[in-house]
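Here chain A shows up in two complexes: once beside chain B, once beside chain C.
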Partner chain A sequence: MSEKLRIATTSLAGCFGCHMSLLDIDERLLELVEVAEFDRSPLTDIKHCGPCDIGLIEGGVCNAENVHVLREFRQNCKTLVAMGACAINGGIPALRNSIDLRECLTEAYIDGIGVQNPQIPNDPELPLLLDKVHPIQEVVSVDYFLPGCPPSADTIWKFLTDLIAGREPSLPPELVHYD
Partner chain B sequence: MHSTRVEDCKAFVETLIHRYQCNPTELIRILREIQDRYRHVPDAAIEALASQLSLPRSRIVGVIEFYSFLHTAPRGRYDVLLSDSISDHMLGKQSLMDDLCRKLGVAPGVTRADGQVSVDNTSCTGLCDQGPAGLVNGYAVTRLTSGRIDRMVPLINESVPLAEWPSDFFAIDDNIRRADLLLNERPEPGAALAALLERGADALLDEIDRSGLRGRGGAGFNTAMKWRFCREAEGDAHYVVCNADEGEPGTFKDRVLLDSYADQVFEGMTLCARIIGARRGFLYLRGEYRYLLKPLQDLLAQRRQKGLLGDDILGATGFNFDIDIHLGAGAYICGEESALIESLEGKRGIPRNRPPYPVTHGYLGRPTVVNNVETLAAAAAIAVHGGQWFAAVGTAKSKGTKILSICGDCARPGIYEYPFGTPIRDILTDCGAGGTLGIQVGGPSGTFIEPGEYDRRLGFEDLATGGSFMIFDASRSLLDIVGNFTHFFAHESCGFCTPCRVGTSLMKNTLDKIHSGHGTAGDLVELRSLCELIKEHSHCGLGHTAANPIIETLERFPDLYEQRLKAIVFEPGFDLDGALEAARQLTGRDDSAAHLQQVDR
Partner chain C sequence: MKTITIDGRSIPFEEGQTIMDAALAADVYIPHLCHNPEFTPHGSCKLCNVKVNGRTCSACTMLAAEGQDVINNSKELNDARRAITQMLFVEGNHICPGCEKSGNCQLQALGYHFNMLDAHFPYFYPRREVDASHPDVLLDRDRCILCELCVRASRDVDHKNVFDIAGRGINAHLIVNSATGKLADSVLEVDDKAVEVCPVGAILVKHHGYEVPIGQRLYDHHDIAEISLMTEGGGSDE
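Let's look at the complex of A and B:
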């Protein structure tokens, strides 16, 4: 048997909903691990990505660390996929884009109701926020976009099985129709 | 807002609502008056309007946010807008803008702290032959120079009323350089209506048919056919609308027609009214031409006095018709006929689904003819001189003449009327253009032609134009021009459909990225497919043409783009490290983790 494919996944500025949807392929996970192995992913707790075939990115880019992680994925993954509305458009986290960063942080850490010891966190361990949340394709080049919030398990499954079989992934209308 | 201001505002809204008879279709006019008085539409006014017109608040806010000349936050007591058309840029607009902002101590788009002044950009003001041009509190100013800017600054700072500003600021010339069938003579007011009454509506419609007249607003639909469809359409009322929105950058011939041939335009509307059975008509005048409002209203009053408007026109019992002028509020899309009708009804100017077309379902759902200013003026002349007079000029499919507004790099910009079929080369000779890079015919949504194509001819068969004719000499950069057009469309997209709303912004950003030397081969591929997507999937004409400048140049001059690409896989289109600056300031950090490299090495 030929070597297994390697898949890496990560959540940037996302809610983990897309990862939940990935788990939602249920028993098909067993089929998946027949042919593929997980590299860096919340499922494996591997800290850095090695050379991979497929990288699935959930969430947009909201801080400096997101940029580093995303670049690591881009360097290591042959095929990089924006999974879900946040990765594709910025999604819910990007709602802050119309608000000035200072206002945002002041509200959260200084003026907000019930804030104790008000101060804007500045520990060097913490990644700095970008002034706006960006879709991932504004920071690296992206090969595929999987729409949905989250994309359904069937969508993810159809996409992955197409890709793994060496077919150009294609999603039938019922998987990308939301009304 | 202060409570006395709130009271004052409520009382003012009350009088407006009374004056406009509580009619929600008058919403835009009402909002314009509120904007004039308070320099924005205050919250108190929105509340009062919502309750008294029984409209949801969101509908009113939606309208305010839609139109460029309406605001929810106060503009300066002097609101200066400079025209962003490519022709104004070629005449040095940007340095004047920078100069003005610096001398007044304002940033573009931000009202000065003392509330005295705001300066901003606006789409083409239709004064391209006498630019750089702009608007001060809605009134057109022309031929701006650094000298004029220097004179303007103290007038603003010292609160000199606009009426006391030097009149040369506001001087607007017709610049008619070549007159033909239409511009050569003005029929006597009433002459077309007399012919109509003498010969009857059927005969007159046949005469228009014989002339072969096609719409001058761009699409070139047969005018007699449009009128006939409308006439035959069922409805308890019919309407005539004259489209004077003239928003296509580089077009300014309707302004000249309304300045010097307005009688003829109104006569054309009245003629149409009689033929289709309308009792009411509208002139939809673009907001930029506000200075024409008063003279046009005076002219309407004169026509009423002469019995050319009102009841029993020219003594014909039951020939009742009157015209109302509706001032636009800064939205190019309102030139699209169904968006225009929405706007007339007091709504956001969003194009309707078509069919049904306005000829059967127009204003208030009733059969409506929408015609361009020039079409209506031509119809009046045809009524006087006959269809054959008109049809004898032009080509097989394009009868009569076309009025061009010529601007850009030529010795004599202005208005030129040519028989259809005239070669482009002759036009260039007449206006004194040489050493050209090319001509944009029909505005940003039209076509770019190169010197090798100057034997092509004016006409629906070959080069159609609503009137815009912009000349570029060899010193100009095609990508600058394409960039200006692309920004225009992104700004004017009405926002209704996603392919155009999102697509034009992405297209603008990607083009800018490539133009400024940060693009890669992947961006170019993206840009191509984005352009196709916008063209294929948009809802209306704006979206269908918005990508044309890029599509055309990518096809014909791919090198222009390819030369600028970076030989790397990818670079973000925004300043990554700059995006951390706000956070660095807030946290006081400057360690290495507080910075990002623009390109991943």
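Let's look at the complex of A and C:
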């Protein structure tokens, strides 16, 4: 039997909704693990990505760590996929893009209603925030886009089965949604 | 009966009809966004670009004339229309998952129609003013595509002239006719045609968000071509 495909996944500035949707393929996961195994992913807790066939990126790029992770994925994955609205256009986190970052942080951590011990978090362990939330294709080149917030399990399944079978992935209209 | 051909099909027209009018009457869908058959054509969104005897024209403003050979549903035109739709997405702030119009929005439905999976161009993330001053109507300019349907409706149907476009090019923006520039101080009322006509989520009626569940919204299971011909086509009541 030929070696299994390797799939890596990560959530950058996302809510893990796309990963929940991936798990939502339910018993088809068993079919998937027949032909593929997971490399770096919240599902395996592997910390760094090795050479992979497919990388699924959830979420846009909102901080310095996201940039590092995304580049690691691009370097290691033959096919890189923007999975979900946030990876494609920044999504809900990008609502902050038209607001000055300091204004945002001040509202959230200093002036906001009910804030106790007001201070902007500044621990050296925290990755630095970027001025704006970026779609991932502004940082690395992306091979495929899977829209949806999240893309449905059927959308993810159709895409993966196309790709794994060596077909050009195509999504019929009922699987294309931006919400 | 005078006729034109659209994609090889013979389509009858009456004097004074545009190519769009003739097409809709014959249940031929030409994609459009700033056009609404109830109003004077505006010709600004360019989604209805067709080739007429080899030259590109807007179907909503071009009068039908004997001898016209119109190409509508070609790969070249649909590629250009997809690119225009993508430009509309990056020029504003369209975060569909957080928009009340989602599922009922014509811009989004056109994205689906053209199988647009990403916006291709870099996002502008412009800073646009939200006007929440009116008790019953919200104006979120983040999603305004400058189609001027509200301008036309307010002027021609409501006879109130509440809206207009100011500024040029990328600085063009919707303005409100009131002393403060705020909607609350204008004569706009929630039942005005100008409120109903917005094809996107820029003008929204307050207190009525997310009433139709996902799966039952206008474009959840129907392509915009189908809905357009049902509501604007020859077989519709209009």
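The rule is simple: the second predicted complex is superposed on the first by the 176 of 179 C-alpha atoms of A that agree within 3 Å, B and C clash if a C-alpha of one lies under 4 Å from a C-alpha of the other, contacts with A are read in each partner's own complex, and residues count from 1 in each chain.
The rule is short, and it goes like this: a residue touches a chain if its C-beta (ideal position, glycine included) is under 8 Å from a C-beta of that chain, and two chains touch if they have at least 3 such contacts.
Being a predicted model, the structure only gives us computed values, none of them experimental.
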| item | value |
| --- | --- |
| Partners on chain A (chain B, chain C) - clash or fit | clash |
| First (chain B), second (chain C), both or neither touched by A:15 | neither |
| Partner chain in contact with A:101 - chain B first, chain C second, else both or neither | first |
| First, second, both or neither for A:124, with chain B first and chain C second | first |
| Chain B versus chain C as contact partner of A:132, first or second or both or neither | both |
| Touched partner set for A:153, first chain B, second chain C, both or neither | neither |
| First (chain B), second (chain C), both or neither touched by A:35 | neither |
| Partner chain in contact with A:92 - chain B first, chain C second, else both or neither | second |
| Touched partner set for A:140, first chain B, second chain C, both or neither | first |
| 114-122, 186-194, 420-428 or 492-500: stretch of chain B that collides with chain C | 492-500 |
| Intersection of the chain A residues that touch chain B with those that touch chain C | 132, 138 |
| Touch list for chain B against partner chain A, complex | 520, 522, 569-570, 572-574, 576, 579-584, 586-589, 591, 593-594, 596, 600 |
| Residue ranges of chain C in contact with chain A within the complex | 89, 93-99, 102-103, 108, 111-113, 115, 117-119, 122-123, 125-128, 142, 214, 221, 223 |
| Touching residues on chain A, where the partner in the complex is chain B | 64, 67, 71, 74-75, 100-102, 105, 120-122, 124, 127-132, 134, 138-141 |
| Complex contact set, residues of chain A against chain C | 82, 85, 88-92, 94-95, 97-99, 132, 135, 137-138, 142, 144-147, 149, 171, 173-174, 176-179 |
